[in-house]
Amino acid sequence: MMKRLLLINPNISQSVSDLIRAEAERSAAPDTRIEVLTAPFGVAYIETRFEAMIGAYATAELVAQHHERFDAVVVAAFGDPGLPALREVLDIPVTGLTEAALASACLLGNRFSIVAISQRIRAWYRETVQSYGLEGRLASIRGLDEPLQDIGNVQGNQGERLVALAERCVAEDGADVIVLAGAPLAGLARTLRGRLPVPAVDGVSSAVRHAESLVALQPGHARCGSFAPPPQKPHQGLSPALARLLERKTGSGA
Amino acid sequence: MMKRLLLINPNISQSVSDLIRAEAERSAAPDTRIEVLTAPFGVAYIETRFEAMIGAYATAELVAQHHERFDAVVVAAFGDPGLPALREVLDIPVTGLTEAALASACLLGNRFSIVAISQRIRAWYRETVQSYGLEGRLASIRGLDEPLQDIGNVQGNQGERLVALAERCVAEDGADVIVLAGAPLAGLARTLRGRLPVPAVDGVSSAVRHAESLVALQPGHARCGSFAPPPQKPHQGLSPALARLLERKTGSGA
Amino acid sequence: MMKRLLLINPNISQSVSDLIRAEAERSAAPDTRIEVLTAPFGVAYIETRFEAMIGAYATAELVAQHHERFDAVVVAAFGDPGLPALREVLDIPVTGLTEAALASACLLGNRFSIVAISQRIRAWYRETVQSYGLEGRLASIRGLDEPLQDIGNVQGNQGERLVALAERCVAEDGADVIVLAGAPLAGLARTLRGRLPVPAVDGVSSAVRHAESLVALQPGHARCGSFAPPPQKPHQGLSPALARLLERKTGSGA
Amino acid sequence: MMKRLLLINPNISQSVSDLIRAEAERSAAPDTRIEVLTAPFGVAYIETRFEAMIGAYATAELVAQHHERFDAVVVAAFGDPGLPALREVLDIPVTGLTEAALASACLLGNRFSIVAISQRIRAWYRETVQSYGLEGRLASIRGLDEPLQDIGNVQGNQGERLVALAERCVAEDGADVIVLAGAPLAGLARTLRGRLPVPAVDGVSSAVRHAESLVALQPGHARCGSFAPPPQKPHQGLSPALARLLERKTGSGA
Amino acid sequence: MMKRLLLINPNISQSVSDLIRAEAERSAAPDTRIEVLTAPFGVAYIETRFEAMIGAYATAELVAQHHERFDAVVVAAFGDPGLPALREVLDIPVTGLTEAALASACLLGNRFSIVAISQRIRAWYRETVQSYGLEGRLASIRGLDEPLQDIGNVQGNQGERLVALAERCVAEDGADVIVLAGAPLAGLARTLRGRLPVPAVDGVSSAVRHAESLVALQPGHARCGSFAPPPQKPHQGLSPALARLLERKTGSGA
Amino acid sequence: MMKRLLLINPNISQSVSDLIRAEAERSAAPDTRIEVLTAPFGVAYIETRFEAMIGAYATAELVAQHHERFDAVVVAAFGDPGLPALREVLDIPVTGLTEAALASACLLGNRFSIVAISQRIRAWYRETVQSYGLEGRLASIRGLDEPLQDIGNVQGNQGERLVALAERCVAEDGADVIVLAGAPLAGLARTLRGRLPVPAVDGVSSAVRHAESLVALQPGHARCGSFAPPPQKPHQGLSPALARLLERKTGSGA
C-alpha cells in the first residue's frame, strides 16, 4: 500500500529541508512517497522556546493547507514544535523528530543521551523529553559549544566533535543509546554507522519509519478524549486553512 | 512607584477581556495602571492544545507590538499560552494566570485542586501543571460537564455548580486550596469569599499581585542561561514587531 | 530487503501461538518472514512474576537455539519476560509486546490505558510499565474479572466486556489510547477497528512493525554500556545454546 | 490598607534580626508595618534538622504570643522551620523565606539554584525543597566551604565567593534563577543587582512581598482539610499562648 | 548481648504508653530491656503537623535526658516526630514507628496501605511517607471517620471497622501489605493475625525488632555527612540536657 | 524460638558461598540455623540482566526443592534475582541482599550510596533500586574499575580501593550511609567497622537479621493481592519441585 508522508521543516532553511528529504528518502520503504515543505516564515533553526513557538505556528499553517493529500505528517524539527496541537486536529497520524527518535531509542536500550548542535538548545530539548514523561530514561544532553557557521553543513564541520560527545555520553553518563538530535544532523546516524560504541538513532529516519508503521497499523483516531478535535466555538482572523481545520466536525474524520 | 501592567487576553472574546480588566483593577495596588488587550485572531476560549498554540502566537504578536510601554506582562488565559517563550525575549517580568494562581496556592497550603469550565480543558490544564513541575501538589482537576452557552457569563449561569465542584475537591480529593481556573471565572474567588471551606485563589488577581511584586523586587533579567534572548540568526516573514523582538541583542536589555 | 522475525511465545499454549502467528502475518510487510515458536516448558499464560520468571528462562533457551537464522526477535507475551536480558546477548534487535505496544501508544497520544485479561495480571503489567519509566503516561489498567475458560478464545467469549472496559478507560480514566494487552488478545485491535472512541493498539502488530523498523534503521549494537555482551566469566551447567550465547566475545557481533 | 507583618527570626542572633528588619523595610510597600522578633532560645543559625526542630518550637512560642496583632506572619529562616505547622493554627497568612523565595524563582524561570552559607546546610535545604514538591525545578545547591566567622557579616566577608558560586550554578548546573538563601544573606540580592547573569531573589524581600499579596488577596482560611485547626483534644504542659492556639474552635477564625 | 531500648511516647496519654509497652515487650527478643517514657507536655494524640511539632520537641527533651542509658531509641508515634533531627545528635540507632513499619512492609510486598485512626491524620501520614521517598509504594491511606471516644481503647471500639478498611485497601487499592498505623493500634496486627487477606505490620513491633537489628549490626555512626552532629555554634535558653546534646563534639561519639 | 534460614547463592562460586555462610553465621542470633546452597548451574557472579535471569531460575529450582525445611529464605546475591517471583509462591518470608541492605540503610540515614565490585554491575543495581521505588534515596553507585581476578578474594585484593570509593560517595555524592554491595563483599562492613565516615551496611548481615525479624513478627502471608500464589493453570515441562510450588492451592499455606 502506497503511503504519502508530509514532512514539515518548521524553519526557513532550505538547506536543512534538503538534508531532511535526502535522509527521509533513504529511510522510507519502497512504496512510500516523501514530500518536504519548508516554513514560509520563521528562523533559520530552533534553539529556544520562542523560536519553537513561531515554528509551531508556521507548521500548523502548512499542515492546514496540505494535509489532505497525505497519509501521515512529520514535524521535522527536534523539539516537535506544535506536535500535540496538530494531533488534535488531524485524523491521520502525526509524529515529530524527537518523539520518533525517543521511541526508537526506547526500543534499543534503557537510557539514552541526546547529542545536539548547541549548548543553548539543551534546555528546550530537556523540556521536550519531560513533556513526553521520559526524563527517567534520559542519561544526558550534550551539545556543541561553538556558534554554528553553516546550519546546512554542521555534520561536515563538526562531525568529529559530535562523535566525541557521543562517546562521553556512553563513558561518563551511562547512555545505552545515542540520539543524534536535530534536522541539521539528519543522516549522521547512517554516516557514523559502526563508529559509535552503542546504537545510534536519528529523528528523520525514525519518524519516517514510525509514521509508516502508524499508517499500517490503522489504530483509528480519537473521537473522544483529549485528542479529539477541539469543540466547535467561534473564531476569527485565522487563515482559511486553519479555519477549516477548526471547523472539522468532532468525530467526522474517517 | 507607578507600575504599568499589560494583560493580554489570548482569545477573541471581548466579554472575557472585560472580566479580566474588572478583576485586575479591583486587585491592583493603587499606583498600578492596568491595560488589557484582546487577541485580534484566534478562538472564543482555549480548551485544547491547538487552540493554545494559536493563542500563544496571537499573544506574542500583541506583546511584540506593545511591551515597550509596560513594566510587566500577564498572559491572561489559564494554561499560559506562550509564557515561557515570551520570558526569553522580554526584559521585563512576565507571568500567566496558571503560573500565578499556582504560586498563590502553594503559599496557602500543600495540595490544590483546579475547578475549570469544561471537561475537555482538564487535559490541557494537567499538562500545564506538569510543565511547571507541580503535579506532586495537584490534588485534582474538576470541570463543568455541560457545554457553555455564554463564555462571558459562566459565573452567573454555573456559580452553584462551581461551588459544588470545589466542595468535592476538598472532601474527596484532599485539596487544601482551590484554584478557580480560567479568565471567564475572573473575580469568582472574590465573589465566593467565605463560601468555600478552604482558601480559594484566582488567576487574574494572583497575576496582577505577583507581577507587581516582580517589578518591585527588581530581580534582574537573564543575560545567560535558557531565558536569555535567543541567539541571533536569520529570520524571514515575521511581522516587524516580532522581528524586532528577535533582533534584540543578547544581554542588551536593561 | 527480506526480514526474518522470530516470535517466541513464552508459554506452552499452542492456541495462543496460533493467534500470535495469524496477527503477525497480517501485520508484517510483504517481504517479512514470520516464525513463531512455543515454549517447551512453562505455564498456559503469564499473570504473575513467578510465571514470568519461568517464561523468561524458556524464552532464553529458545532464543539461544534459534536466533542465528533471524534478523530480529520478539518476546511475544505482554510483560516482556526476559527482554532486557536478551538485549544484552543478542546482536540483532529484540523487542516485546509491551515495549512495542507502549511505543505505538506513545506515538498516538499522551496517556494510555491497558485492557487486560484478568485482575491478577494488573500488578505485573504495572511493574512492567514502571520498569520502562512510563508510569507517568499510564492512565489505568483494567482487567476482566472472571476466570478465563479458554485462553485461546478470550476474544470471542469476552469481546463485549473488553470493549466496555476500554470505554471506561477513556471516559473515567482519561486515556487517549487503548492498549489491548496480552498475546491472547492478538488481533483484537484489528477486529475492533472503528468501535473504540480512541486509537487502539496491540502488542503483536506493534512488535512486528517496530522490529521491522529496527532492522531497517540499522542502529548498530552495543559494544559498550549496559547492553554490551556480559563480560566473560566461568559458567557451568547451562544448555549448550545458552553457553554459546554467554561465550560470544564482547563486541564480536556484527 | 495598612498591613502589619510579623517576622520571626527562629534563631538567637540579634545581628541577623537586624539584617532581616533592614531588608524587610526596604522591600515593603509604603503602608506595611514590619516587626521582627528574635527567638528567646535556640542556636545562632540553623544548618541541620535538629537545629530546625528547636527553631520551629521557638517560632511557635513567639507566634502564639504575638500573632493577634498582625495581618500575616513570616518565618524568617531559610528552611521555614515550623511553617506548615503554623499554617494549621493561624487564620492569617503565614509564609517562610524558602517558600517565598521559591515562589519568586518559579515566576522568573524554570530551574533555580540555591546559594547557601555552608556545605552542611545543603541537605536540610534539599529536603525543604523536596517537601514543597519542587525538586524537579532545583538545578543545584552550592554552599560556602569555610566555617563562618561572623554570622551577621557573611555578606561582607564572603561576597565575592557567593557571586562565584552563583556563576557556577548558571554555567555548570543550568540555573535560570539564583536563590540567595538564608537570613544572613538578606539584602544581598539587592546589593548584587546587575552583577549576576540571571535573575536573583532573596527570602526576606520575597516573603514580605508575598505576605502583602496574600493579605490583599483575602483568599479565606481553611475550615476543612489538612490545614484546618487541629481537632480539639486534651493537652497539658504547654505555655498559655500555645494552649490558646490549640483551643481555637475549628472554623472560628475570621 | 543485652539490648536496652528507650521508647518515647511523644504524647501525654499514659494509656497509649501502656499499649506501647505491652506490645514492645511481646515483640522484643528475650535479652532486650524495654523502657517507655511519656511526654511531659503535649497533646493526647498526634493528628496534625502542629501537634507533631510539639511532640518532636517533647521527644527531644526526653531523649536528651535519658539516652545515655540506652542502646537505641524509638520515637513511638506514627509520623515519627523529630526522628531525623534526633538521628543527627545521637550516636546510637534511632528509629520511629512509621519508618520501621514501612521497612517491614517493604520486605513483605511491593505496595502497602496504611490504616489509620482518623480522617484528618491522613495528610500528615502521607507527608511522612513522602519524606521517606516511599510514595511510589503507597497504595492508599484509609482512616476511621468518627471522632475517637477513648484513645486508649480504639482497638476495642473500632476493631471491625479497622478490619473492613484493611480489606478495602486490598480489594480496591491494590495493597500487598497493610500497615496498622499509630501507637493506639499497637498490638492490633498481632490480634488480627490470620484475619487479614495480606501480611499486616505494626509500628511498635517493627520498631523494636529493627532497633534490635541495628544494635546488632553495629553499622557505625556518622562522623561526616548530613547526620553527623551539628557543627558547634552558640546557643542559649535550652534545657541543660538539650544543651549537652548540642555540645557533643563532632565525631566524638563512639 | 529456633529459626532456620535458607540462603541461596544464585551463582556457582563455592568460594562466595563460603563468604556468605561465614558472615551469616556471625550475624545470626544464637538460636538461628543457617544453611547456604550454591546454584548447580549459572555463572561465577552476576553483573548483568542476563546473568541475573539465569540466577533467578537456578534460585527458584533450589528453593522449590528445599523450602519446606525452613522458616525463611534469603536470595544471597545483590540484585535479588527472582525475589519478587519467589514471594508469590512461598508462604514463608523471603528477602534478598539488596532489599535487606536498603532496608537497613533507610533506617540509618536519608540517602545511601552503593559501592560495587565492577563498573558494569552498576546498571543492574540501579535498576534494582528503581524496582524498589528507592531511586529518590540513592546518592550514587560507584564500582571498581578493574577486572576481578578472584571473585572469592575481592576484599583482600581491593579493600583499600573500596574504602576510597566509599569516602568519595560521602564527600562528593552526599551519601549518609554506605551499602557494600554483593555477596563477594560479605563481611566487609564488619571488617571496616570504624574506618568509614558514615554508617555502612552489608547485604548478608542485613538479610539474616531482617529475615529473623520477619519470622518473629509473623505478619501472615498473602491470600489475596499480587503476592498470593499464582492462580492454578496448566503447566508442563517443569521440574517436579517447581510443579509442586505452582500447584499449591491459593491460600492453602499456613
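Brief remarks follow.
For reference, chains read A, B, C, D, E and F in written order, and residue numbers begin at 1 within each chain.
What we mean here is this: a residue touches a chain if its C-beta (ideal position, glycine included) is under 8 Å from a C-beta of that chain, and two chains touch if they have at least 3 such contacts.
Note that the coordinates shown come from a computational prediction; the quantities given were computed from them, not determined experimentally.
The chains that touch both chain A and chain E are B, C, D, F. Counted as hops between touching chains, the shortest connection from chain B to chain F is 2. Interface comparison, C-E versus A-C: the pair with the greater number of contacting C-beta pairs is A-C.
Just one of C-E, D-F or A-C has an interface built like that of B-D, with over half of its contact pairs in common by residue number: A-C. Farthest from chain C, judged by the mean position of CA atoms in each chain, is D. Centroids of chain B and chain E (each the mean of its C-alpha atoms) stand 44 Å apart. Taking each chain's centre as the mean of its C-alpha atoms, chain E lies 26 Å from chain F.
In chain C, 84, 87, 110, 122-123, 127, 174, 176, 225-226 are the positions where the chain touches two or more neighbouring chains simultaneously.
Pairs of chains meeting the touch criterion: A-B, A-C, A-D, A-F, B-C, B-D, B-E, C-E, C-F, D-E, D-F, E-F. By the touch criterion stated above, chain A contacts chain B in their complex at residues 12, 40-45, 47-54, 56-57, 60, 82, 84-89, 118, 120, 122-124, 127, 130-131, 147, 225-226, 228, 230-231, 233-238, 242, 245-246.
Here chain A touches chain F in the complex through residues 110, 174, 176, going by the rule given at the top.
On chain A, the positions that touch chain C within their shared complex are 27, 29, 84, 87, 93, 95, 99-100, 103-104, 106-111, 132-134, 136-137, 170-171, 174-177, 189-190, 193-194, 196-201, 205-206, 209-210, 212-214, 216-227. Within the complex, the chain D residues that touch chain F are 122-123, 127.
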